[in-house]
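Shared between the two complexes below is subunit A, which pairs with subunit B and subunit C, respectively.
Let's look at the complex of A and B:
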């Protein structure tokens, strides 16, 4: 059995799986049941001045039979009085002293407001704080959530205010509704953040009803943009985690969030630099017990690889993530169709013929049977045919023999400009 | 002519000049690819090739890199 414990900036939990601040962590009843099911930590539903919610609040995209491929909400932070939440946090922590309870906080961008809530929450014994600079709807219209999370100076200042009084580690939760998340991540670090977490939800409108012309969801015929999450956002979240992990000025632990549905997703985030992960949509879709598979899967993965502790794989893929200009222009792969596995559906031929490089030929063998073959010299190795192919193993992307030494765009440009310096007539 | 044939054609022309002892002297990149000037070793004769294919442009760039590498 591998060691699944994590220590994120001093916050310890028995495994890397935390519930994200959201409906699953709305109450002591829920968080205690989650801990019983096996979750290592919970970030409590964001605390602040209790809000008023609308109904309905959620919508989801089902894609080709997969329900909840993407999930959208227009729910705000907690609508329960602070004292009620604090009492339940206290009771939960007493029952589960070894599990991590992190209080998510959101108040107006004022120093005294941050001081007040940090002190009150820490009094009941939380293990850490998460500053919610991410909710993209409702709260943002009031200057909180992503409205302050999109302004690096406000992120830095509010983090600093929280840190002025905080005795427990402060995690800053970042909004993805920004062009370059490393700008706000760096601001959080400058404000003294002990860790960062990402992502909160992405601005979205789920749809429009073709008969009523109402938005989906709608509230008495009117809609407002919501926050998008679930499996569909995983690539966006993973990139943001990776960009922060490889940034030279961002040197705090990362809690990865966004579309994590199983142990595989979790391992990807950890390899890309997350110390632990948080989950919301998958728990809302399948219930708390999905954590059993997550723990078992992660444990088996580590055992199979002969790795003693999950902390040993944190960030192992980060050095492999770079800028486009550092990729080898002379590395080539080509598609190879396996006729024994192919069912002749022609999807690959159509894709390559219509939208790629017209290099899958339709041929006929000696028995009059048609088959497909890639003209490897014309194949640019784009992967499209293997992406659209419905049959596993029918198309392999294989490395072509190397003809030229590795050369990146940056190396190429350097040699062109050096040559230009030596011989005045070389022009970029 | 397929892209690949066009590349082979460009590569042959480059290889021919290199075999004659020419070196890449200057490169001008523009909307139609790159104009590459080759200088003959024993004189001031310059020959210019227009290299349009992506693989052709990778090819002469790789040659330029190895040409600039210090020889043992």
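Let's look at the complex of A and C:
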């Protein structure tokens, strides 16, 4: 049994699976149910001045019949009085002292507002704070959420204000609606953040109804952009986590968020530098009980690999993530089709023929049996064939014998510039 | 009611027994199944379809919600594609060729085809328009799958087509010959209507050679397509065949197709002679008409029977009994002339015949009598010899000879397709094959016309 406990900037939880600040953590009833199901922590639905919500609020995208490939909401922060939330946080913490409760906070960008709310939530015994600089809809129009989160100076200043009074660790939750997330991450660090979490939701319009021409969702015939999340955003989130993790000036723990649906996704985020993860859409799709497999799957993975603790794998893949200029130009892989496994759907052929490098031939053997073959000399190793192949093991991407020593673009440019200087010297 | 639902066969309400047994896919099922299709390139299912339906394309169109386009893709290649979605032996054709047989399980192509064509039927779509008139006239003799298919394609090319159909309604086998619980008449009628909407004239209740002379046809039309199919079940050639209670399986099935179901078979004992798909139909119809016991008698064994596996399974599920190596010798009647029993003789298999099946021979002294109330004959079909000879066409035992390339008969004005050219031992006579032959005849006629026109 591997040790699944985490310690994120001083916030301890029995496992790395937290519920993100969102509808699932709206009330004490829900958070207690989640803890009973096994969730290690919960970031309470964002507290602030109560707001008014609209109906309808959510929408999801189906892909080829698969529901909830992506999810979108236009719900705002908590619509319940602060007193009620604080009372329930107190009761929940008392019942589950070993589980992490983090209060998500959002107030107007004023020092006294931050001081006031930080004090009030810390009084009821939360384990940490998460500053919501990410919510992209509604609150942003009032200068909060991502409107703050998109301006590095505002992130830094508000983090500083919170830190002025906070006794518990402060996590800053970042918006992905920005060109370079490391800019705001660095600003949070400069403001004194103890940790950062990412990503919040991405600006999105889920769809347009082909019959009514209304937006999806719509509120009495009118729509507004929402926040996108769910499995479809995972690659975007993973990149942002990895970019922060490998950034030399960002040296605080990361809480990874964005499309994490199972233990495998969680392991990927942890390998890419997250200390723990937060989940919302998967729980909204399937209920709290999915955490059982997350915990068991992670434990089995670690046991199988002979790793004692989940904290041992944090960031192990970060050194493998770099810039394009540091990739080896002389590394070669080619596609190889295994005729015994191939079912001859010819999808690889047409994908390569129409949209890649025309190197998969449809052939017939002496017995009249169809087969596919890669002309390896023309294959550029793009992976497309193996991506479209519907059968595991039918196409392998294999390392081709290396013809040249490793050389990256950056190394090549360096060599060329030296050569140019030499040439210039000779000409002189 | 709950008990009634659980029963496969209702004895109180026979009509339920003749409703389609396979429910269509729900919208959700169609979405899931259509998305499972790999959309193969150069897909083997297309090659396995005798009419060459672009299957991945029509399935993709279901997945995208383009149901009209999907139905058009299907019906464009197969003018009786709605019927074929229900009656094709898909395990042996498209679904048998699906590449997913090698990894998971094949796509339910037949059911998806039914889903798309059902959509077109329910939404009263008209799928095709006739082409610009080219001034040529064609008479199509027979309004079954082959004739309808030829007429539809000819109309698309701009021919002025008239179908002569002996029965009250067109559609042939699809209208009268396939049991309602597999293929309801309304499906066949919709396909007929699609052809009619292309200005094809259909003269029903018009038997060529009886109601209109062969000469009138050949004189008044530029080209003639013979698509007359096959006729009634032949005689067994045994005593008692004219007794009351002896039925021709084709007629027997036909009588159940218009919705007026006979009560004469309730509680009766029925034997069906033969073990092809028509025999299965005769047997399952008997069960569904309330017969107490239904046996299929076959002079060979399970291995030689020509019925499709799924039909055989279906009959067993319906409770049909099979008596292998049993041949009828004599039908026994009472003083009123009604069937009371059938004398049978046991057979054994000898040396293989030219078609590869072992020849059955009677075992002396093995005679025995089965008490029965009805005998249904399903031992094949005879040919419309008279009509073929009136047209003066070269034939072999009623199988009209045609040129393989041009599908022309011995009379170059006359072409033929469907069961009328289907010889013994040439594989399965399928609706889908007849549909393709109809198309082929249309293309052959048009090719000649174009060649002459440009000469």
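Basically, the second predicted complex is superposed on the first by the 424 of 428 C-alpha atoms of A that agree within 3 Å, B and C clash if a C-alpha of one lies under 4 Å from a C-alpha of the other, contacts with A are read in each partner's own complex, and residues count from 1 in each chain.
Note that in this section a residue touches a chain if its C-beta (ideal position, glycine included) is under 8 Å from a C-beta of that chain, and two chains touch if they have at least 3 such contacts.
Note that the structure is predicted; figures quoted are calculated from it, not measured.
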Which superposed partner A:362 touches (first subunit B, second subunit C, both, neither): second
First (subunit B), second (subunit C), both or neither touched by A:390: second
Subunit A residues touched by each partner, larger count belonging to subunit B or subunit C: B
Subunit B versus subunit C as contact partner of A:343, first or second or both or neither: second
Which superposed partner A:221 touches (first subunit B, second subunit C, both, neither): neither
Partner chain(s) touched by A:64 [first = subunit B, second = subunit C, both, neither]: second
Interfacial residue positions of subunit A with respect to subunit B in the complex: 329-330, 357, 377-378, 404-405, 407, 411-412, 415-416, 418-420, 423, 425-428
Residues on subunit B engaged by subunit A in the complex (per definition of touch): 2-4, 24-29, 37, 58-59, 61-62, 64-66, 68
Residues of subunit C touching subunit A in the complex: 31-32, 34-35, 38-44, 63, 99-100, 102-103
Contacting residues of subunit A [partner subunit C, same complex]: 64-66, 343-347, 349-350, 362, 390-391
